[in-house]
Structure formats: C-alpha cells, structure tokens
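Note that the chains take the letters A, B, C, D, E and F in the order they are written out, and that residue 1 is the start of every chain.
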Amino acid sequence: MKKVICFGEVMLRLGTEGHYRFIQSDKMVVNYTGAEANVAVALAQFGLKTEVVTKLPDHDISRAAIATLKKFGAGVDHIVTGGDRIGVYYIEKGASQRASKVIYDRKNTSISNATRSDFDWDVIMKDADAFIFTGISAALGKELPAIIEDACLAAKKNNVMVFCDLNYRKNLWTPEEAQAVMKNLVKNVDVLIGNEEDTEKVLGVKAGQSDVTQANLDMNSYSTVADQLSKEYGFKYVATTLRKSISASDNKWSGLLYKNGKTYYSKEYDIHIVDRVGGGDSFASGLIYAILNGYDEQKAVEFAIAASCLKHSIELDFNLVSVAEITALMNGDGSGRVQR
Amino acid sequence: MKKVICFGEVMLRLGTEGHYRFIQSDKMVVNYTGAEANVAVALAQFGLKTEVVTKLPDHDISRAAIATLKKFGAGVDHIVTGGDRIGVYYIEKGASQRASKVIYDRKNTSISNATRSDFDWDVIMKDADAFIFTGISAALGKELPAIIEDACLAAKKNNVMVFCDLNYRKNLWTPEEAQAVMKNLVKNVDVLIGNEEDTEKVLGVKAGQSDVTQANLDMNSYSTVADQLSKEYGFKYVATTLRKSISASDNKWSGLLYKNGKTYYSKEYDIHIVDRVGGGDSFASGLIYAILNGYDEQKAVEFAIAASCLKHSIELDFNLVSVAEITALMNGDGSGRVQR
Amino acid sequence: MKKVICFGEVMLRLGTEGHYRFIQSDKMVVNYTGAEANVAVALAQFGLKTEVVTKLPDHDISRAAIATLKKFGAGVDHIVTGGDRIGVYYIEKGASQRASKVIYDRKNTSISNATRSDFDWDVIMKDADAFIFTGISAALGKELPAIIEDACLAAKKNNVMVFCDLNYRKNLWTPEEAQAVMKNLVKNVDVLIGNEEDTEKVLGVKAGQSDVTQANLDMNSYSTVADQLSKEYGFKYVATTLRKSISASDNKWSGLLYKNGKTYYSKEYDIHIVDRVGGGDSFASGLIYAILNGYDEQKAVEFAIAASCLKHSIELDFNLVSVAEITALMNGDGSGRVQR
Amino acid sequence: MKKVICFGEVMLRLGTEGHYRFIQSDKMVVNYTGAEANVAVALAQFGLKTEVVTKLPDHDISRAAIATLKKFGAGVDHIVTGGDRIGVYYIEKGASQRASKVIYDRKNTSISNATRSDFDWDVIMKDADAFIFTGISAALGKELPAIIEDACLAAKKNNVMVFCDLNYRKNLWTPEEAQAVMKNLVKNVDVLIGNEEDTEKVLGVKAGQSDVTQANLDMNSYSTVADQLSKEYGFKYVATTLRKSISASDNKWSGLLYKNGKTYYSKEYDIHIVDRVGGGDSFASGLIYAILNGYDEQKAVEFAIAASCLKHSIELDFNLVSVAEITALMNGDGSGRVQR
Amino acid sequence: MKKVICFGEVMLRLGTEGHYRFIQSDKMVVNYTGAEANVAVALAQFGLKTEVVTKLPDHDISRAAIATLKKFGAGVDHIVTGGDRIGVYYIEKGASQRASKVIYDRKNTSISNATRSDFDWDVIMKDADAFIFTGISAALGKELPAIIEDACLAAKKNNVMVFCDLNYRKNLWTPEEAQAVMKNLVKNVDVLIGNEEDTEKVLGVKAGQSDVTQANLDMNSYSTVADQLSKEYGFKYVATTLRKSISASDNKWSGLLYKNGKTYYSKEYDIHIVDRVGGGDSFASGLIYAILNGYDEQKAVEFAIAASCLKHSIELDFNLVSVAEITALMNGDGSGRVQR
Amino acid sequence: MKKVICFGEVMLRLGTEGHYRFIQSDKMVVNYTGAEANVAVALAQFGLKTEVVTKLPDHDISRAAIATLKKFGAGVDHIVTGGDRIGVYYIEKGASQRASKVIYDRKNTSISNATRSDFDWDVIMKDADAFIFTGISAALGKELPAIIEDACLAAKKNNVMVFCDLNYRKNLWTPEEAQAVMKNLVKNVDVLIGNEEDTEKVLGVKAGQSDVTQANLDMNSYSTVADQLSKEYGFKYVATTLRKSISASDNKWSGLLYKNGKTYYSKEYDIHIVDRVGGGDSFASGLIYAILNGYDEQKAVEFAIAASCLKHSIELDFNLVSVAEITALMNGDGSGRVQR
C-alpha cells in the first residue's frame, strides 16, 4: 500500500443549505476540509495510506476536524496540536448565472503560526511514496515556505515523489510575493499542477488568450507553458484541469498532462454541478494515484479527470468515490443508470 | 370505479438526503414502497380502487408501511400479517455522471416465506378488473411462483385482466432460474411489460444491438421482439419504456405499445430527473389505466409515457399525479408554468 | 438616497421543501412576501430607501412578517395594523415537465378590507421618488381601487413617478372587472409593466399569436402593443419580460423596454431555475432602480433583466442580489465561477 | 367492530419547530387536525371504525388533510367537498413558565359555511355506535347548531350514543351566545365532557373556587356540578379532566367520571409534556372506547386518563397509542423502560 | 419612546442542534449575538428605541448579522464598517449533569482593533436615555477602555444613565488586568450589575462563601458587597441575578436589587432550561426598562427576574418576550397554560 | 496506552427524530452501534486503544459503519468482511410515561453466521490488556459461543483480563438456552457485569424482590448475589448498575461494585434523559478504564457511574465524554454550568 504525505491547512467549512444565500441562512452545514486534506481523503478512498500533516488548536472543533479525517480514512498521526485557532471559510453555492461565494477567515490560525520545529520531516517521510503541498500552504504564514522546503528536502532524501498544486489565491498574496517564494520551492517538485492563471501569477509564465469568464480556453497555449516550465524547473510532469464555466450549474471539464515534450488531453465531460469545491484537489489525487500506480500518460490524465468529474456530483469538498467507479466512467459509462 | 389487484413486496426505502452518499449520511429519508405498491398508489391517484396484496410482519414498521399505503389511497384489506421481517433497500441518488446506488436487504422477509395458503385469491379477485404482478415477486421465494399462478388462475376465472412487468433483477435470480419460472407464468398474462434486457433474460428472446450504457436504443428491433412474444404467448399487448440515460440527471424517455402486429411509439421527453425510481411502475400504472378505460393504442402509450415522465419529477417511488396533470402534458403543455 | 413607496398585500408563503408535493409534506418553508414587498426588498438590496404600505392584523404572524421585511431592509413605518387575517399562499415547486402549483387563501384579509381612511398618502409620499402598485392590489377588495387612486394623486402632487405592474390574476377577477378598474387607474401611471396576457386581459389590447405554453413568443407584436398603449394612456415607458418556459426547470429569459416609439430588447439568458416566483417583481425593481438612476433605455432593460435573471437562482420570493452582482452579469460574466 | 361518527372542523396546524417562537421560524411543522378528528384518529388506533364528518374545499391542501386522516385510520367517506377554505391554526409550544400560543385563522371556512343539506345524517348514522361533537363545532357558523341537532336526532333514531365535549373557546363566542345554543343541543347528549370553565361558560353552572392559573383545583366542587347537570339534562355520564399546570413543561393530570350520583376519581399522573394539544380529545376518545366496551366507571376513567396521559408524550394532536400501551400504564407501568 | 445605546461586540454564534456534541454535528444553528446586542434586542421587544454600536468587517456574514439585528428591531445606524473579522463562538448545549460548552474565537476581530476615532459619541448619545456596556467589551482590545470612557463621558454630558454589567470572562483577562481597567471605568456608572464572582474578580470586593458549583448561594453576603461598592463608587443601583444550578436542565433563578442601603429580593423561579445563554443580558434589559419607566425597586427586580426567567425558555441568545408576557408572569401566572 | 478488544455485533441504528413515533416519521437518524462497539468508542474517548472485532458484509452501509467507528477512534483492523447483511434496529424514544421502543431485525446477519475460522484470536489478543464480550454476542448464532470461548482462551494465554456484560435479551434466547451457553463461558471471566434480571435469567441466581417497573430496587439483595456468583465462578469483580425508572424522561442512577466479599455503592444521580440507550455499555467502559488504571473499588464504581450518568445526556449510543468531564462530575460538579 502506497503512502502519501499531505501538508497544509485543515479548515472548518460552513456552508449554507441548498441554494440559500448567507443572509437567508439559519443553519450552516459543517465540514472539515483543506486542499491537501481533500487529497488525502480522496486517496484513502482509493485504498492508499495517507497522512495529513498540519497544526490545529487544542479544542473540540479541532477534535471534530481530526475525527472527520479519520472517518474518511486519512491518517492523523502527524497532526501537531497548538496555537489559537482553526481557519474557517463560509460558502454559499451559486446556481445558474449566480456565482458561488467564499469568505475566508484564516488569519492567525495555528498552521499560519507554525514553526519549523513543529514538524520532524524525516520521521514523517519515512516509508512514504509521495508528498503534496499547494501554493496555498506556502502563502499562509511567515515560516511556511521554510517548513515546506524542509519537507521537500526530506522527501528527496527519502525518495518520495513531490507534487505541487500551485493554487494561486489572490487574497493570500500578490503575484510578486508568490513568485518570490514559489520559484524557489518548485525546484524540488516532480509533478507540477496548475492552470494558466496559476502559472502566470505564481511562476510568471503567461499562456495564451483564454478568458476564464467566457468559458473558452486556449488549450494549445498551455502546452507551450508546460514545455517552458518543464525545461526551466525540470518537472517530470506538468498537468492542469481545463474548466469551461457555462454557469454555476453547468461546466465542461477536461484536463491535460504534459510529459517529455508531449501533451496528453483527456476526454471532456459535461457536468451538472452538485458541489464544485475540491474539483482541483480531486484531480491532483487522481493524478497521484495514477502516477504511483504506473499508469501511462493518457490513462493517467483520463483517470484524474474522471475522478474529478465525479467529484462535482458529490456534496462538500471530499471526493468520496472508489477506483471502480472512476474506472467505469473512464471506460465510458457516464449514463448514471441505477446500480442495484 | 375499476378495481386493480397488485401483488408483491412492500419494502422500507431508506434514502440519503439530497445528493449525499451513504457514508456522509446521518439521516435517511423513509418511504414504504414496492413495484406493485407503486402501481396501486399511482392508480389510486387516478381514482381507481386498488388492493395491495402482500405479507408483512407484525410490528410498528409494518404498521407504518400500511399507514403510508392508506394515506396514498391504496387498499390494504388483503395484507396478511406474519413472518419475521420487512424488506429494506438503501438508496443514494446519483447526479451527473455518478450513478444512483441501491443496496437490497430483502432476504428472509415475510413475503419471501409466504405460502399458498396465505392468500384466498377467489375472495381477493372478486369484483376486480385487473391484476398485476412483476418478475420481482416471482423471484422472491420458493412458493412465490405457485402463489402467483394461483392468483392468475383466479383472475382468469373472475374475468380479471392480467398484467405482468418482467422487471428482471440480477441479484434475485439468474436468467436460467427466471426462465424456468416465468415462461410458465406468463402464459396467463394479457399485457406484458418489459424492456429488451427483461425479455432476453426472462423469456430468452433477444432484441437488437442496443447498449443501455450509451443512451442509444435500437427501437425497431424491439418491435420484432414484441411480435415474436405475442405469437408465442398470446399477449394482447406488449409494451416497454425506452430510456436513454444521458446522465443520472438527464434522460430521454419514451415508450411503445405493440398490439396485433402494430407498434405505436410515444412522444419522447427530455427529463430533468428528481427521482427516477418507480419510473417503470408509473408506466405500468398509466398503461393499466389507459387500457381499462378503453383508450386507443396511441393514446394509451402517450398516457402511460406522460404519466411516467411526470414521475421523474417527483420525490420517492410513488407517482403522485392526477389524470388531469397527465392529460395536460399529453396535450402538449410541458412548459412547467406556474399553476395558480 | 432615492425613496420608493410600495403598496400592496404582504402574505405568508408556505412552500413545500425541495421538490415535495403538498401531500408529501410534513414541513413547510415560511416566508413573508407580496409583489410590492418583493420590489421593496430588492430595492433595499440596491441601497434605496423603501416603504412597504399595507394593512396587517395585530398578531405574532404579522409581527413576524414585519420583522422579515425589516431584516431585508424594507421600511415598515407606514404599515397599518387592524383587521382579521394575513393572506396565505401555499406553493409546491415544479420540476421538469411538472408545473409549480400555487394555492391562494387571501380572501377577507386585513388589506382586502382596508378603507381609504387607513392611509394618509400625503404623509407617505413626502420625499418619495417613485411609487409602485400592481393590478393584484387593485383586485383585492372593494375600496382598493379608490385607495390606489388616492395614492396616485398624492404621488402626482409630490412629483413621485408612478409605476404599475399589471399582473393579471384570473382567480382574483375577470377581464371585464379588471378593465373596469384598471383603465381608469393607469391614467396616472408613468411606467407600465405587463406582458401580453396582462395587456390583453387588463387593458383590452391584444398582441400577436404567442402561445405561452409553447415557449415561443412573438416579440415584435408586443412592440405594437406598447406603442398603442403609450399613445392611449401617455405612458413614459412600457416594459415587459419575455419568458420562454422550456420546462419548470429551464427557462429562457429576456425583456424589452419601449420608449417614445422605440423598443429596446435585452440579451436573453438560459436559466436553470431555483425559484421563479418573484421573477416579474425583480424585473420591476431593476427597472425602477435603472430609471431613477437615469440609465439609458438599453442599459435600463439590460439591468432589469440581469437582476431578474439572478432572481431565478435564489430561493423564495425576494431578489437578494447587489447592484455589483447585477452589473457583473450585465457586463458578461454569467460563468458562475466561485467568488473567493 | 364498533363505529363512531365524529363531526367537526378539520384544520391545518402549522407549528414552529422545537421551542422556537413564531418570529424565529423559517419552517413550520404541518399537521391536519381538529377536536373531533383527533377523537377519530385515537379510536382508530384502538381498532374502532370511525368516520370524520366535515366539509373541506376542493384543493390539494384539503386532499393532504384527507390523506392524513386515512393514514391514521380514520374514515373519510362522509367528508363533503365545497366552499373556499380550510381553517388554519398556528402554534408555538411553550416551555417552563412560557405558555404555548395558538393563533386561529378559521373564519369563512368551508365547514363554517356548511348547510343542513350538506349532510345526510340517516345515511351517516347507519350502523354507528357513538356520535361525538364538541362545543367548538356548534360555534363555527350560523347553520352549525341546526346541523348538529339534525345529527343528534338521527343518532337517537339509530340508537347511537351521543357524546359532547363542551370545549368552550372564548374567541369563537361569548358565554351568552354559547348558552343560547348549547343548552338546547345538550338535551340530546348521553355523555357530557367539560371542565369547570366549560360548564360555567357554556351551561351556566359554576363550580367552586379553583384558579386554573395556580395549579390548584377544587375537585369536590366539580362533583356537585356534575350532579346538578345530570339532573337538569339527564346525562348518563358527566366527565372531566383535571389539569394542574405546574408549568408549560410539567403538569399533573387526572380525571373524574360521574354516574348516578357517584363520582369516580382516577389516579393522578406527573407529566413531562411533549405536546399537550389534543389532551382533552384523547380523554374523550378513551372514554368513548371504555363506555362502548362496557368498562365499569372506575376502569373507564382510569383508561381515559391513562390514554390522555400518554397523549402528552406524543408530538402533534393525534393520540397515537394502542390499547395495550394504555392498559400497561393503567396497570402501573409508567416507568418508561425500553420495550425491546 | 426611550432610547438606549448598547456598545459591544456582535458575534456569530454557531450552535450544535438539539443535544448534539460538537463531534457529532454536521450542521450548526446560526445566530448573531453579543451581550449588549442581546440587551438591545430585548429592549426592542419592549418597544424601546435602541442602537447597537460596534464595528464589523465588510462582508456578507456581517451583513447577515446586521440584518438579524434589524429583524429583531435593534438600531444599526451607528455600526462602523472596517477591520478583518467578526468574532465567532461555538456552543453545544448541556443537559442533566453535562455542562454546556462554549469555545470562543474572538481575537483580532474588527471591534477588538477599533480605535477611539471610530465612534462619534456626541452624535450617538444625542436623545439617548441610557447607555450600557459590559466588562467583556472593555477586555476585548487595547483601545477599548478608552473608547468606553469616551462613551461614558459623552453619556454624562447628555444626561444619559450609564449601566454596566461586569461580566467577568477569565479567558479574556486576569483579575489584575480587569481591575486595572474597570475600577476606573465604573466611576461613570449609575447602575452596576454583577454577581459575586464578577465583583470579586473585577472590582476586588469579595462576598461570602457561596460555591457556584453546588447550587447554594449566600444571599445575604451579597447585600454587604453591594453596600460597600455603592459607597465606594457612588452607584445608584447595584443588582445581580442569583442562579442556583441544579443541573444543565434545571435551575433556580432569582435576583436582587440594592438601592440606598436597602436590598430588594425577587421571587425565585424553578426553571426548565431551553437555552440559558443570554440569561444575564435579559436581566440587564429588564432592569433598564424598569428603571427608565420609573418602577419602584421591588417591582423593578421582579420585572427583571421575570423577564430573564422567560429568556431561559427561548432558543438562542435573544429574549424575545413582550412586556405583557413578563407582567403576566410577575403577576403570578407561570402555569404555562395555552394562550389561544 | 492500554488496549481493549471488543467483540460483538455492529448494527445500523435507525431512530425517529425527537419524540416522533415510528408511524409519524418521514426521516430516521442513522448511527452505527452495538454493545461492544459502544464500549470501544467510549474507551477511545478516554485515550485507550481499542479494536472492534466483528463481521460485516461487503457493501456501502458496512463501510459507513466502519467509517463511523474510525471517526470516534475505535480500531477496525480486525473486522472481517463477508456474509449477507448488517443487523438493524429501529428505535423511537419514549417520554414521560411512554416507553422507548426498539424493534430488532438482526437475524441472518454476517456476524450471526460467523465461524470460528473467521477470527485469529492469538493475533487479535496480542498486546491487549482487556477483552470484553456480552451475552448478546453469545446469543446471536450457532457458532458464536465457540468463537467467544476461543477468544477467552486466547485472552487467558495472553494475560488479557476478561470482562463480560451478561445483557440478557429475551428476544434472542430463553433463560434455559442462555444458561446452557453462558454458565460455561463465564468460567473464563474476570469481571462480571449484570443486573438482577441478568443474573437470574443467564446464570440462574435470583436476587431479592425488586420490581423494575416500580423504580424500587432491593440493593442489598444484589450484594448476596454477587457474593454467591463470585464464589461459584471465581470472578474478581462483580458489578451492576442500579436504575430506578421514574419515567422515560427521568431516572435515578447508581451502581455497585463487589470485590472480595465487600460491596461498594456509588453516589446516586437524578438524571434527565436525552438518550438512555448505551447506558449499560458506558458503565462497562468506565469500569474497564478504572480497573485497567488501578483505581480503588470505591473510585472505580464512582467513575463508572459518573461516566454512564453523563451518557444519558448524550444523543445516540456512544458515550462521547472525556475523562476530565467524568472526573469533574465524580468530584461533585454536576451543576451543568456553562464551560467557557
């Protein structure tokens, strides 16, 4: 059983019910989530061993967060206790032309104030096969880039493959700040995941003329970006999802995987959205699974996209699907017929 | 007022809320249902008199099942009390490319252990106009085929029209087992309902090359099947629904009715699915109503398909629509404008 | 800050949850609403000052209604207390081919028995910029036309622009009764809103051959109607929404605004419906906002249609969107991408 | 199987969830109820045949009301369709020192406008064993006293025992109005149920010095009242419940039954209240059951009080308990131990 | 109409449903609250004019908080927008021997970082009759004591009566820190509210030997404390509630009011608790109302205690009761009988 | 960290919401539970390592059961997959005089058909400190007694302390059947838990004259029973809870522990019940914890009773309390004051 280390923030997600707006809501749906935790949970459904590495305060809300991770099979043995607060995000889901809205309250959290001494990476990376972090984690606090660099070096030392999802968040840092940190960190990365906006803002490499608000994407230009990045940083793989947002209810969804000068495009799915949060994370987890299991490039990107296609049909951030369900979809059965 | 006898299992349906998967669910929605009970309830909405004939254990869950049938107008005068358990099925509804999932727990139920002496068919069939059973009921237990045969013979004696919906369920029996039982039982049947998979598995008559996972159906080939079956078994009518599964959220839905060498095709509807369970049962009830009321073949299949089209917009298994609503749809108003 | 006076009934809305039919419902969702109250609430979201003018009985349900209006920013200073009851309407939302259903219980309400002496319009209209009433209010009770005429005259005296949404309701009055009242009342109206059915039934002016049950609308013919009405009654603007009902789940939505012999058509939106009740009211509020803010005709109709397009994505009757959200949609971003 | 006819209003009950006040409520719990319907449903649980006789409008809310009665076993064969509206009452449940609050909206209902020609009492009373009406029904509308008198006379003719629960409601009529009607109607009554307030307001016979707001009741004085009433009107039985309201959460509950100059007092129960609405109706149903089954006086009052004691532990108005459960409580097991 | 200014934090309250613990909760009930906001809302129910003065960030959660205050009648005209976050507290309600649990996340909120220049107290205090702050507000941030002192001085200047509820919170500051601030601030206070723990920790004056964990309180000793405090700081009134915690479900509740050397004790109530949060705030609001309306001391303390007794029967923090309901309880009707 | 092995059935619990009866319920609350799983979960809250040993079918409901155990910290490494079904029990919670009702559907489950070869007890017992089974498990199926004997022998071999809770269930076996099995099995038991009914039915030793339906227990007689059992079977400890059922809402709760001829009685608690299911299991877990941690007898029984006292305040079967909370209650703070 392969083992994957996932480092990043675990947050409390508070979402309005159904299609209610914040102002209409007398109840909120509770979940505990985070980009890397989402990866860990998805991989646990695929049968892999995972560890979520983070720092959380010592109170019952954190304990509920940890219990939730355990419920869905993610490892929690290396979660550090300390600090003051758990991050929170509020979400109301959009519909039709109305966009979903996310409000973050993640400053001064335990993880943002974590220090290098909180984590013993040599212990954590032992027996691991892959490590993933995202650009979000690097942006959370002053010592975070150093913590991640420690992790990457320990990964290298232990022959652990390093995945990075750029995940640019404009409310966490500016492109300048991001580039100052990330251009250094990605030097240790084997597999880079990031869409056009990410690579432009985080690594300073601009793709073509896509306009994300218009559901039209310039697919070929991304290929050039991947090639350029690969050459500059030595990535083994570069990958991205390609989302065409028709509306908050309907998207077209595909992806591509670049390796050694060649780009592999997946099938495109018409998705009726239940919950799109975590879509990117489910792609990352599909890719990790596929690469760790030696899938060829075409099959790898098909698996990752099929996995993340299914994510959109599932409530909350976790991608709770099995390898069998993903494989069935890859093999062409997206008919949604009742499985008895 | 016409009277229809519906023999089969009544189960407890436990469904997750909204689009939640089983593992996410802290609550389940409760309903009491069953293929033939669904027919009875639908017919009760149309103003017919019905009797659900089944066997249920003597406890409060069964009493709740019976109360539910009564609420929706189905007759419960011939429900036998005894045995150990009520069948249960668990369901999570799919969405987009993710299929709905049903888990059955229906072994050793009261109905599966029923015996011929439990039912006095001459009393039950008195004053009845139609009788319906499905292939599911025949598969439930050892004595069930004999019970159904008793019922059919009593029906014949009382001039009651016999309807059978083949409803093949692979987790109940193999094609061989099904054919061993059903080829005999259908000899008493006037109106046969069954899709291509049903007729192949249950009666051994294979239609063309349709692939149900690909939303493409070979409509003409079914006509040949119907013709062949009619000649072999003397059915007055053969009917089927034609479902093209685009996804778990969207289907195309139509049907056909064969009589005397001629096949009548209904209009096709684009359906946005609320709950597709019971879709076939709602077609059967529409057909029973139409035939008992002397509708011509084209009108009969249009009525049955419009009825079952509306079923897909209704939560849970029962088709809670009126004849007026179905007629409005048949006549062309599927616009969904608010009725004030 | 502009101020708008909204006169009409405030009702209790009792809606089934999700897609449940009335007979399936053990709970109902509560809201307090009304055509003109909906306008007031929408305008309050846009930052305008509003007053809902109505009459309500002296009990806790009314107090909850008033509290709800206050929550969403509408003014309640001129609500009169007295009479016996608050109107109620029951609603089940349709889906796919199944129409939504509304049952009214609004006879003998406090507002329907209101008298001219209940309202001191010179006080109410002071400092106001616009006044809106609908044909519904005029139909509610014997003294209502006189009350509305009082209001219009006070509006004129105070330089308040008068808006009227014809809103014909066949269960409140016949075309003959409506025309007897409304032909007189609209003489005081500056901006008339009403679709083809409204203008035919309420003002006796018939447009072309559109069939609302078939999702095809004769757009040009409406232009002629607007022209004719404008000439006859001296309206400054005539406007209408154009709804093409594909199904209860999907509509196409656009609108037009007529002024001085010229007709301005808006963009058309493909809408996935969450709740379509209040769609017309949200158009009216968008139009009031646009006209009070001096938007040109094309921009005004685009704003009103974008506002009401978004309404369809929001639960219950109120259009809880901001000017910024509407403007973003007008400017082309209907992609529904997550706003973080 | 004994058969009981129950005449009166069937209403929609809209209750806030848990302990929420009206102003806090975004949802309401729906039930369909009424004093006499409550009696019918309770008797159906005891295995008796019942008919609810009332008049309801022709719409889906009424149909849901009728479906609810059917679900719980009450007969609906003599419900008349017509008129405009179903009565509504809103309820928030109290707790501790805070009282429950009920708001009625029951004017101009179908039943209040019913006429003598709506009911064919000779048909309705055929094969019946008991008839019950309450003072509420007599107060609802102009023709109601005559309708009830018709019913009583038909009952007498058919040897049907007549029960009357005085149920004085101050918002329906004054004591003078009540006495003008009820002193005549009770001449046909065999079994009179009514507490001290009822007998004083409705029949003008005042008991002792009890103060219902102080949880102290003068039990002996009621005996004198019962004796006086019996002599004046010839009642075979006079009965009442004795409620000591400690708080909205805790009551003491007992009852008495007077016959032939002798008064039988029941055991007193300390009740932790779940829902006290329908408490009196459950006593009436217990009494009807006990008398129709020939219980002696002491056993009859114990049965009726045990039945209504259990009612207080059940949500909503119906008393959903079995004879076995009541008998167990009468026999001394009120320990609430789990029944496995 | 009297007007009361209420200064302090407005928070998001996230509570588990029913009796669930945090770890069991997939949903949380949302409310917006705060000690002084609770006072404002309670006073609004009594018909007073109020203003909640606070600082909140510019996002939809804050807007929902403000909308909630408006719904319940509190004034929001002086709420300042700015800063990063709204405070949050998580609550699970206890039962029986299990205590309720509150987790605060209120550091770095907008109000805690407020500065003196945020509030123009001369404008705010204009036409006001009373001002209330609590010890919580003084503890929230560095500049808060100065802000409160500004407010008190403006109050004095405008003849506004100053109320202070000491409300010691051990997780906000130590007794030393509290005394350093509060001994100065209370010099401007007319009416001091605080229990024995508060006066000891905040003002350094220790009462007798009560042990709050044992439900026994030394009532007389408090009298001496009040006398001593009055003499030292010149308070016109000193008041406190007296809570005897039998369990999380049952409390005994009374209060006392000291004035001019004399102590007035209220009646004691046995309370069955629905939600005890906000109990102290409801006492403060009762006291403010009573004193502003010139009630004598005995009536004042009875009113305040009856008001806060009723609060315990109401869900969430606000005391949503009317003066009429409180008066009825004061006058002896705590029987909880249904009000129809 | 001590490790405890818990062998027995894991079931799906389906409970009605609030105080609803089965017939009223359109939703059920889902939990996964079982006597020994409850012990494991409780011990996990105390910080112990546990393993739930059972057999479950291979489907999503079982996977949800396992996920739930993981969430609450119980070990699942030795759960065997196979067989057909998971047991189900339905529960409606009583209130006041109305008893809670449990309906079991646990025949033919995977665990009931388990065989000796399913479990490798030498592996399971490695490094364990305690083992617990209950009489329920022994009653479930033919091979279960042998499986348990295997477990006990392996426990002995590995120096694992054996706990047995007799837990007689009359719907699983007769006293004769129970004695035939259990008299043999308890020979391996170190600590016996069982109330008077259990010891009489399962071991044939009758205590005094207590009547469980009357809330009066003969405490001394149990001492004699314990002494007798200890001598006969060599138990190191004998323990029982003492429940006085006042009603379904209120109980008195205490316990006793016998060792070496001496009986230690705990304090008695007045409990307001939230959910009493799992009360006995929480006592067993408290006792295991106390004994494994070397508590003296008095402290052990106080701990176990305080733990199980708190259980009654918690929804569903698991006792989700910490050692700190139990210790606080043991030390006298049952006041339920808010913990901030």
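Just so it is clear, a residue touches a chain if its C-beta (ideal position, glycine included) is under 8 Å from a C-beta of that chain, and two chains touch if they have at least 3 such contacts.
Note that the coordinates shown come from a computational prediction; the quantities given were computed from them, not determined experimentally.
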Partner chains shared by subunit C and subunit F (touch criterion as defined above): A, B, D, E
From subunit D, the most remote chain by mean C-alpha position: A
Remotest chain, subunit F as reference, centres from CA atoms: C
Chain pair equivalent in interface to A-E, over half of contacts matched, among B-C, C-D or A-C: C-D
For subunit C paired with subunit E, centre-to-centre distance based on mean C-alpha positions, whole Å: 42
Chain centre separation (subunit A, subunit D; CA means) in Å: 62
Multi-partner residues of subunit C (at least 2 other chains): 18, 21, 23, 26, 67, 71-72, 101
Complex interface listing, subunit E residues touching subunit F: 18-21, 23-24, 94-102, 104, 169-171, 212-215, 245-250, 276-277
Subunit D residues within the subunit F interface of the complex: 18, 71-72, 269-274, 309-310, 312-316, 320-321, 325, 329, 332-340
Of subunit D, residues touching subunit B in the complex: 67-68, 70-73
Of all residues in subunit A, those that touch subunit E in their complex: 14, 17, 21-23, 25-31, 59-61, 63-64, 67, 84-86, 88, 90, 92, 101, 103, 105, 107-108
